[in-house]
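My questions all concern the structure below.
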């Protein structure tokens, strides 16, 4: 081989603590290395041009770049060598920035280590083989999990782009959390008024198939060709027949059913349509409370339903959809704030969550938009808002900021003043975080125009004063003294966490999630929509806290990723797949059993059972390679011999 | 490549591309200062890290090896690290059997965002390796010769199988023979005191079948060679476990094999028998008592009581009867008591790490790499494509050094993890009597301890532990490290 | 006239100590284990003197299990990195070596090895150097054993072929008789008592040993018979069914001399690359596997045929002697007790019945 | 059943009534409290904030005595003693700390100390709610009680082992088992300010007043305390608190052992009620004979723990 080595200075990032020229000089003595240089910025245009020139001039057939992490620029340099006519896999990187120059200050040790890392890379490269991608067909259809505003936006954008969409929603209606909100910041326009039309569009768009009351059961396949099994939960109502007239819920005798949509601020009937603008506007029976199910007799709804849609015998059913990509938009839930015993741990009826407060504010809520205390129905005079309940609190293992609470607290305080002009509102806050367009102006209005009293400090305790009100004890850290407020109502800005089933879904989608259940994007900065599984994209809060505009933007971004994927008729696989040496294979099937992707099947060659890799399914983990005792399955680009070459270069 | 003298030690890291390599990057981005000893090899997934890479590095001069992958449940490939966890945990238990301090090997989980944790991991591990110092080698370990004790009293009365219904069995075999390509059994070998495998194809061949304590060889080793053909096999209890294991691994089809079984009363340790017989020209005869056999050589009688001359494995045997059979005859023996720690294993257990390195160096020096151990092993199914003598992959050289030889034993033992039934054929086949069975017993014990007392070769439908995983492992507590 | 000396059992350590001043001594050493073995090892003072037949023949002294033939290093011209210099370093090693107390069959093994390695069109320099520095002291056998058959193949319990000194146990000690010049020289400076007086006792002991052997069948026709059976696949298959294809028979054989050549390491590394010669095993499928993957001898029966034919047919054709000296290690070392004697006798019988 | 017992210094002075009632109630429950011989102060003076090791040496000596007695568990009525003893046991796990403390002691402390637990926890472990109910002779059904643990009893959570430090419930459990109406008293773990009783009298008065006011507003018949210092503070300084709060308080502050003793039909003298500054007579008036000796089992009958 004829190998060229480029030891990047990265300005002073590397050269500050590594003698790059010396590393290049040492590299010249490595086997097959015929050229070495130490450019200032290898990744910059002149640096890349120099690599191309060297490939031509020195007839290189392999290149090693010692610079930053391959996770940063491997793709860049692969394209560089490809432009110069080399196969992109005849390239290796030595990470001498993140793994050397940035973590140690001793130049001698760093220089030595860099040279060794280059040596490993050369050793590996000498065992590299050119690899070529294979092409395969694509199913041009998108599946979206979650019908909140992010999922709705992604669905509409995909469908508008001509790509059929399957939208799967766990609840009986789409709309997500946004549908529960009264008004939205910073414009204070009605949430239902701006979301409603989009929901209707979803229902009416011919390119969108909506499965509500449905969940993902199984996912198999790979980018371009996923097969998704969807569980349609039994609603006990034939939605083909249901007209959404609501006659059933009017007559339903089981009126003490907890109202999930209203965040348990009221009760509803066992058969109901969650809210008037629900899409699909279809009734659902809550079997836990329906007398037909709990007592075995009732049947009132079946009698009154003019369409004859009630079907108590309904079972869960399944449907399988073939799609080319999947967008996860499963949103969030509020954390269980009742672990805060100092706020009563849920024992005090007038200490409520901000989302419950939204339902109290909403004209379609249980109180018709009147702010009253859940305990006695009286209008509160003093309301205390406590921010960061379950956010930025390391003591309960939740260090992250939930992102939008500062803004909605300001909004709720403003709306409170609108509803109850005589009322006084206090907001306990840690910091006000309002970095959006018109956001800070909005929160200032709460203080300046609406007279909301902002107190910088945490609340140490909330307790009933025995006379029907609540004592809110806290600290004003600006004044440096304790504060005690008698409040009629306390609203907690409860922090968010990922949807309960997010980890289970992540495992089905083979994507990663963090310890709070939020899905992991492929790169925090540069790939915020992609995941580590090709063809699975993220939208909305399932990826991390964000407000409505950001969720909508990410929904559109995910749709753009889907549309870009489908802009091609054929896809190329990553050729870093496992290969079977049929001669070595004894057909024991251990690899088949281990493969996380079902990418290995059994085949027969001359009447002997052999393993066979489906290259388009193989994701290149190499588990099979370390499982096969005789080394018959080798992962291209990470073969036993390639890794052994690296080990041998280090240990001899 | 030499390390920086007196400053660095050789520490090799295998990091998965997605989490831990990213975590190391994150640490770099955060300028989290770390010791400079570690050299990172990037692999796609911790599941790609064949434990043999680690042994290879440690035997080749690495002072420490660190594997890091995504946290359980976070694997980029969904389950690679679950498999890795089992395999690496088994390795961690196994290394001391070789005489390698398993503190020199660690595996852990670091996510791409945990730069700080990565810094802690590297710092702590490097400190640990520096505390341990440079790894001692095998080639220059002082010589140490030790031999295993004889096993304690057997769990069942041992005998010579004199009263076993051999004639009825022959009749049964003859009845089935027309449908079978052959029936594998034992016949008299080069003299009365030795047996050799019998491949009966004709009824008169069946008459050559013998039964008794000389039938030490495990004939299951031949079954995969008849793949696709219908064959019969006569088994002892231990042999039947090998058959079960082959069935479990799809190397033999259940419908293709007819298993004939008699209850085993124990087999002789031919190494010791031959030693006692010494040099002789001819065997004058062999007489079977109930619990002993008498061999006459050159006119001199030698008495071998089963109690004294049975193989160690027979004394600890809990399955004298086949665990799976089609034709079964004879009375069931009564097994009482728990299997003791096998003697070869007890011998290893009684040594410290230094002694074990010395022991293996002393033992391995006389290995000729004839691979009788491998080829006699019914579970060595790679056959002609064993990685020990392949160039691609190129795990081993032809060099005759102790580390190469010991590395082969490691390959064999690790490949047998969860598969070895303890039949002992490897050790019995060794012409120079190297007590290599201890390594297999060690790993089988580890597998049992880690995976709910799993024993290989009991249930053809069982999932072998290293081909499966639990999301929460009951007996692996890898996360307690830091 | 050969030198004849006498040594008491107690005198042997001193004798070996004296020899070890100038030479490496390879002497049998016992390796205790469940299955005990006896291995030739570098002898040093304090080690017991063992006279048992070794489990492994002393072939390693001239044909090591693995030897580095030479190392090769490449270095780059600092001014022009494409200009690479190659430096070879010959590693043929030959220090004076005495094998003590091998058996006549072992010694005859050297005679078998000498032919292809020294007497063919090319003498092997590595072998030659070692062989020239080797002195073989053989202890004659007092009896045969259940697996050995030296007298079938031209040897015997006191066969001198390949030995420099024959040593025979008699009452009260050992008679050492030089068979070659080298042996004579060694004995003359060995500081041992004269043994001519008791030499007759030694001769008597050797005769007794011969007489104790069971009569040997005639296998002179083996070369032709085996050649005639070459295409009789069934014969070879029947005799190979139990074979495990391991290397116990060949690696423990004093006459097997096939080798493999591999390169290890890297020419640019400090240690350089190593060209290795190591024993090869014709019973393994790898022996004949070609680079293409094709293998003319995939079946173990064909490999067994090769081994038997080489020892009893083709080698004799080329060199006029069997390349088997009847030590019987392939029988005693075989994990499944395959018996080469039976194969040869059956071949002769089968050829006769075919004819 | 015998229990090793560390009364603490208050028991011999300011909280003699706590001690008296504890002994009496434990006797009823069949808990024989055996005082460890030659015990000394637990170091719960301001000293422990000044010199941890010296304070730990004091505790270690007590724990060592208990260890020499061979007891497994040591009971103490006082939360402050409990806190100090437990903190010491925890700190002594650190070998360096232990070495420094050992230097201060005549003999090195025993390697293993017995576990220390409060009398309250000890009672709950000794018998379940039904067990307690079986001793009831007086009906407390007319009593509304505000359980008050004080700030020390449940904090820090990992040392004191009282469940949620903001919302312990063990005392409620015992009082309910005795048949009283128990308030969900929000300030049950709030500070009464007792430790600043001398340097910051106003603050102490303010903090105490907060608790007294809430109990009064919640119509409690009594505050039930578990800490000698709290009890003394809330009872003895009630006029000061009332003055600070510009209110009138007449809130009896009893120990939980006294309440239990009343339920068990013990006489006020036996329980040391005469020592209260705010009389409990109103409370005594509400007691009625238990309707029947064999009470119906308390719901579930489970342990309070």
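Each chain carries a letter (A, B, C and D) given by its place in the written order, and its residues are counted from 1.
Convention: a residue touches a chain if its C-beta (ideal position, glycine included) is under 8 Å from a C-beta of that chain, and two chains touch if they have at least 3 such contacts.
Everything numeric in this text was worked out from a predicted model, so none of it was measured.
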Give me the set of chains touching subunit A intersected with the set touching subunit B.
C
Quick note, more Cb pairs in contact for A-C or B-C? It is B-C
Here the gap between subunit A and subunit C, centre to centre from mean Cα coordinates and rounded to Å, is 71
Between subunit B and subunit D, what is the separation of their C-alpha centroids in Å?
63
Can you compute the centre-to-centre distance for subunit B and subunit C, using the mean CA position of each chain? Integer Å is fine.
32
With chain centres defined as C-alpha means, what is the inter-centre distance between subunit C and subunit D in Å?
91
Quick one: which residues in subunit B touch 2 or more of the other chains?
383
Of all residues in subunit A, which are in touch with two or more distinct other chains?
583, 652
Using the touch rule from the top of the page, what pairs of chains touch, sorted by label?
A-B, A-C, A-D, B-C
Which subunit A residues qualify as touching subunit D in the complex?
341-342, 344-345, 347, 461, 463-467, 471
So in the complex, which bits of subunit C are touching subunit A?
74-76, 81-82, 265-269, 271, 293
For the subunit A and subunit C complex, residues of the former touching the latter:
28-31, 33-35, 583, 652
Which residues of subunit C touch subunit B in their complex?
31-37, 39, 53, 55-56, 64-66, 143-147, 212-214, 241-242, 244-248, 250-252, 260, 262, 264, 270, 274, 276, 278-279, 281, 284-286, 289, 329, 331-333, 335-339, 341-342
Contact set on subunit D toward subunit A in their complex:
164-167, 184, 186-187, 190, 214-219
